[in-house]
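Common to both upcoming complexes is chain A, partnered first by chain B, then by chain C.
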Partner chain A sequence: MRGTLSDRMGAALLMAPLLLFLILAYAWPFLGVVKWSFTLPTPGLGQYHALLTDELVQSVFIRTLRIAAIVTVVSVTAAYAITVVWVRGSPVQRVLAEFCILVPFWISVLTRAFGWVALLSNRGLINTWLQSIGFISEPLTLVRNEFGVIVGMSHFLIPFAVFPLASAMRSLDERVLLAARGLGSSRMRTFWTVFVPMTRSGIIGSALITFVFSLGFFVTPAILGGGRSVMIAELIYLRIFQSPDWGLGAAISVVLVVFVGALMALLFRYVKPKQLV
Partner chain B sequence: MPTYRPGPVSLALAVLVALFLLMPLLAVIPVSLTPSRMLTMPTGELSLRHYRSLIEDPRWLDSILLSLRIGIVSSILSTALALTFSLGVWMFQPRFTAALVGFVLLPMVVPPVVSAVTLYFLLTSVSGLTSYFGYDTWLGVAMAHSVMTVPFATVLLLVSLSQLDRRIDLAARGLGASVWERATRVIMPNIKFGIVTAALLSFVLSWEEIGVTLFITSVNAITLPRLMWMGLRDNIDPAIAALSVILIIITVLVLIARSLITRRNASA
Partner chain C sequence: MQQPGRAAEIKANGIGKSFGSFRALDNLTLDIGRGEFLTLLGPSGSGKTTFLMILAGFVQPSEGKLFSDGVDITHRPAEQRAAGMVFQGYALFPHMSVEQNIAFPLKVRKKSASEIKSRVGEMVERVGLRGHEKKLPSQLSGGQQQRVALARALVFEPGVLLLDEPFSALDKSLRGQMQAEMKRLHQETGTTFVFVTHDQSEALALSSRVAIFNHGKLLQVGRPDEVYDRPANRFVAEFLGEINMLPVKGVRPADNGATGLCEDRAVNMRCKAEAIKGDAILAIRPEDMSIAPEASVNQNGIAATAIASTYLGAATKLDLTTRQGAKVTVSVPNEVAAAALSNGNSVWLTWPAEKGFLLPDGGQ
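Presenting the complex of A and B:
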């Protein structure tokens, strides 16, 4: 039944528009970007050589990896805490946890970054409040540095880190937990020796998703970093728009795609795609 | 039957995380009511001037209308493309389905900044051909947004199709329905909810898209997020706070409405 001629034509006709659209509007121009990385400003591997030797580019790569690692640990830990209540809490607790996860999830990255500016800037809520109670005399520098970037990115990524964890926590067998408690294990011990190990695949999936997302982050670091803690994505933007060096911008993009592709391949060796949603 | 519930320590930690998640959303409320022209806490009196400036300042209104137009066009385009593709996958189950779906999902997986450079390359390459389409035109932005949203629409539609009973399609086929009739009169009415959701999600994603838009617009196609971005990077305009409050309220209302609808459907 699968192979008749009219079936094959029907499938081709229905699938063609989207495939053609993405080939023309995505695959072809991506190859163009790859071409830029080898031809601008001069043909050759010059841009890739520059990537390996340019100190600025390297410091940005190292900063991006560092921030992504910290953000991953913060987001997965925080997501774990709220997911436990979302999946295992009482009905009221579940509704409240879901609200706290989904509302930020649906609000745009700009609004959320702006919220952090309103909280953390020199005349923002936190500094105003700390000064009014006399705790500090000079405002603390909470934005335009790595601290602000880490806070804002973690806030953005926690809901994404929640979903793989929730899927792992939903699928585990509750009777094992009850058995551990019934045999006299304390809450803490049950949690650390039974619950957490049983959600391992969720933790791995959640950490890899968070890490991959952090690598290509643009908006939050650009706003909360204030140009001082530039990450890879912002460096690409600066190379293309401020110091027109399209070749280097393209080469960094290619390296980023290859790196993320390798990480995704690693991800799917440990986790099935279905466990991520 | 006993159940395993989180203990007091878990609850306390979850409350901390919940506060962290809600804090920046609540913080914009007092800032939006400041009478000052700068981003400050209101001291004493409150004012709605920043809400007024959203309606009175033509820049805000223009960009809201532009974002609506781009959102609607790109949502129609991406839903139509995703729908035909998903119908093809579901009805014919062609070979290489996994590879084809994987290809379609690429814009969702590739770091957004790389997609942005890619679409920048595309739009600057075609800019010379016509003045209606290309870099910094609203049609160019709508098309670029479709590239970015079509994977999400496709995933939603494939999921709703996977829950559909194949036997109704087999029955239609056995009774002699053509491919067109099967698609439009048997399958599509049964995934209406999925189609509407896919269109809404595409619209919302386009409405708030900024990563790609920054790369492909400069002075003409100023969408709402683009205008917010400009206001955030230069001197921070408290009108952004007023706008944020409105957007947050709309989001909360939509989420509440959605959970009421799903609850009613579940009980019915």
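Presenting the complex of A and C:
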């Protein structure tokens, strides 16, 4: 939409408070972090060099990417199924799906993480139930490891993965699906060869959002990982708050922000912002 | 390329469809012959599209039965009916190339790669899309997309091709071109075509038979000239083209037809009046009426006053009012119209006895 000059002035004025807040609360402090990464403890590229050689940092990076990738696949798959029901189900199914999508937004991330601990821990609901029916004798390790982190993060991210998919499914022309059936294609085949490819932009948007969110997760991995499955955000926290290694923490932060920025740029090449809500 | 054996013969028997309290289609019985080009014509909401969707299998009828070549297919799902369908807006697969779109129904039918290749190639040739095979639908013009839709619907040699207002998105010149092309494809494939439109000139130009719908009811089926010249009722008469309605009093059978009083003058009609006695409506197409300088005893005619004229190039359309206030439109040669208007606008309207038909007074 291209408005007149005064329209654009109006829009700029309306956006100004948010922009100002973002500059003061995020951009300016972040420049400070960038500065630390080049100056602490001594000026130079030392921390970036350490980042490339430090095995612990590298293993955390790799674990973070791995968890983010698995969480993305799990979340987008689950979200796809829910969204199909939400957008194309019967009226009752739609209401149920909407409930499942919206309720998680009302519960804090912390509450949900502890909820999963109660379900997944050695003496949690799942293990005691499985033991009581004699399915297992020793409790399964479901939490304080990567599995628990993946479960908790996926649960948190599924609702976010839903919206780009719903937007793609809603804009799909119903007649194209009818056409496929009329040409002899079974429902299954129509779903895989027509419906899924036609929602491609939604899948890309959904996957990138989930992946980017996963990279910066802190609370869920900290609680459900139990210190054994440390991700990037927790590592930064440990470097800054529990060791005097501010420079390295800052360098990791900068790398994370640049990486996420690059992913977001990629995201907006594939999907328009309005398709994400 | 005539393949009449493949064309399907369809029988609809007492088909009805209700959506809640809305009666979309009521007790429809219709035979569609092998290889015929049948047009379903009617205003929007008349039930023509509902019937097409029932034929395709996308909509289940509330009652009645549907037979294809004598087999009951009422409850057969769309994907097993093997009817080709061209949708309004084409409904091409946007993520597939022209070639892939056309190959889709063959792939579904698990044809061999070599057969798919040769049949797609043949179809691309036939609809004139050579050179566009690798393009996506979004890279094609409206007319080209239309051709892809036709090719995709015909490539698996369906027994029947269903077309839902396929030309509504095209401009007028392209429309004419596509109509000609569709007629050619019908002749080449010999398949049964069922075509939905609300454009009566399109229906008359293309079809071997026209079925006219209104308010969920099938009103009349017949050859284009039959429904145009002898409409079953007033709605059909008016829907198929402009028509003049003149009240006639005291209709009774006479030699060779019927006779009655129109605006206090005796008029003769060649049409039969068995069912109609007393007061009726005489319906005459504008092109069947002409203007004479003065009354003639041997010819049907009434006095009228010209109130407006519209120059149409090849002819002039004159709007007139009769002495008793009926509105009449005639299409006459330009010089006749000019003469009529220069003569104080008072004219004599005439028509031959064999033109026009009688409809019950006031009724539908």
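Criterion: the second predicted complex is superposed on the first by the 252 of 277 C-alpha atoms of A that agree within 3 Å, B and C clash if a C-alpha of one lies under 4 Å from a C-alpha of the other, contacts with A are read in each partner's own complex, and residues count from 1 in each chain.
Here is the rule we use: a contact is a pair of C-beta atoms (placed from the backbone, for glycine too) under 8 Å apart; a residue touches a chain by one contact, two chains touch by 3 or more.
The shown structure was predicted, so the numbers you read here are calculated from the model rather than taken from an experiment.
Aligning the two structures on chain A places chain B and chain C next to each other without any clash. Of the two partner chains, both chain B and chain C are touched by A:L178. Once chain A of one complex is fitted onto chain A of the other, the partner contacts of A:G32 are limited to chain B, with no touch recorded for chain C. Look at A:R170: by the touch rule set out above, it reaches neither chain B nor chain C. When the shared chain is aligned, chain B comes close enough to touch A:T111, but chain C does not.
Touch criterion met: A:M198 reaches chain C, while chain B stays clear of it. In the superposed model, A:H49 makes contact with neither chain B nor chain C.
The partner that reaches more residues of chain A, of the two candidates chain B and chain C, is B.
In the superposition on chain A, no contact is made by A:R228 with either chain B or chain C.
Of the two partner chains placed around the shared chain by superposition, chain C is the only one that A:R189 touches, whereas chain B remains out of contact.
Superposition on the common chain A brings chain B within a closest Cα-Cα distance of 5 Å of chain C. Comparing the two interfaces of chain A, the one with chain B and the one with chain C have residues 178, 181, 187 in common. Chain A contributes residues 2, 7-8, 10-15, 17-19, 21-22, 25-30, 32-33, 36, 78-79, 81-82, 84-85, 88-90, 93, 96-97, 99-104, 106-119, 121, 123-125, 128, 155, 158-159, 174, 177-178, 181, 187-188, 191, 212, 215-216, 218-219, 222-223, 232-233, 236-237, 240, 249-250, 253, 256-257, 260, 264 to its touches with chain B in the complex.
Chain A contributes residues 173, 175-176, 178-187, 189, 193-194, 197-198, 200 to its touches with chain C in the complex. Note for the complex: chain B touches chain A at residues 2-7, 9-11, 13-14, 16-18, 20-25, 27-28, 30-31, 38-41, 80-82, 84-85, 87-89, 91-94, 100, 103-104, 106-107, 109-122, 125, 143-144, 146-147, 150, 154, 179, 183, 204, 208, 210-211, 214-215, 225, 228-229, 232-233, 236, 240-241, 244, 247-248, 251-252, 254-255. Put simply, chain C touches chain A in their complex at residues 56-58, 77-85, 87-89, 91-95, 104-105, 108-109, 152-153, 156, 162.
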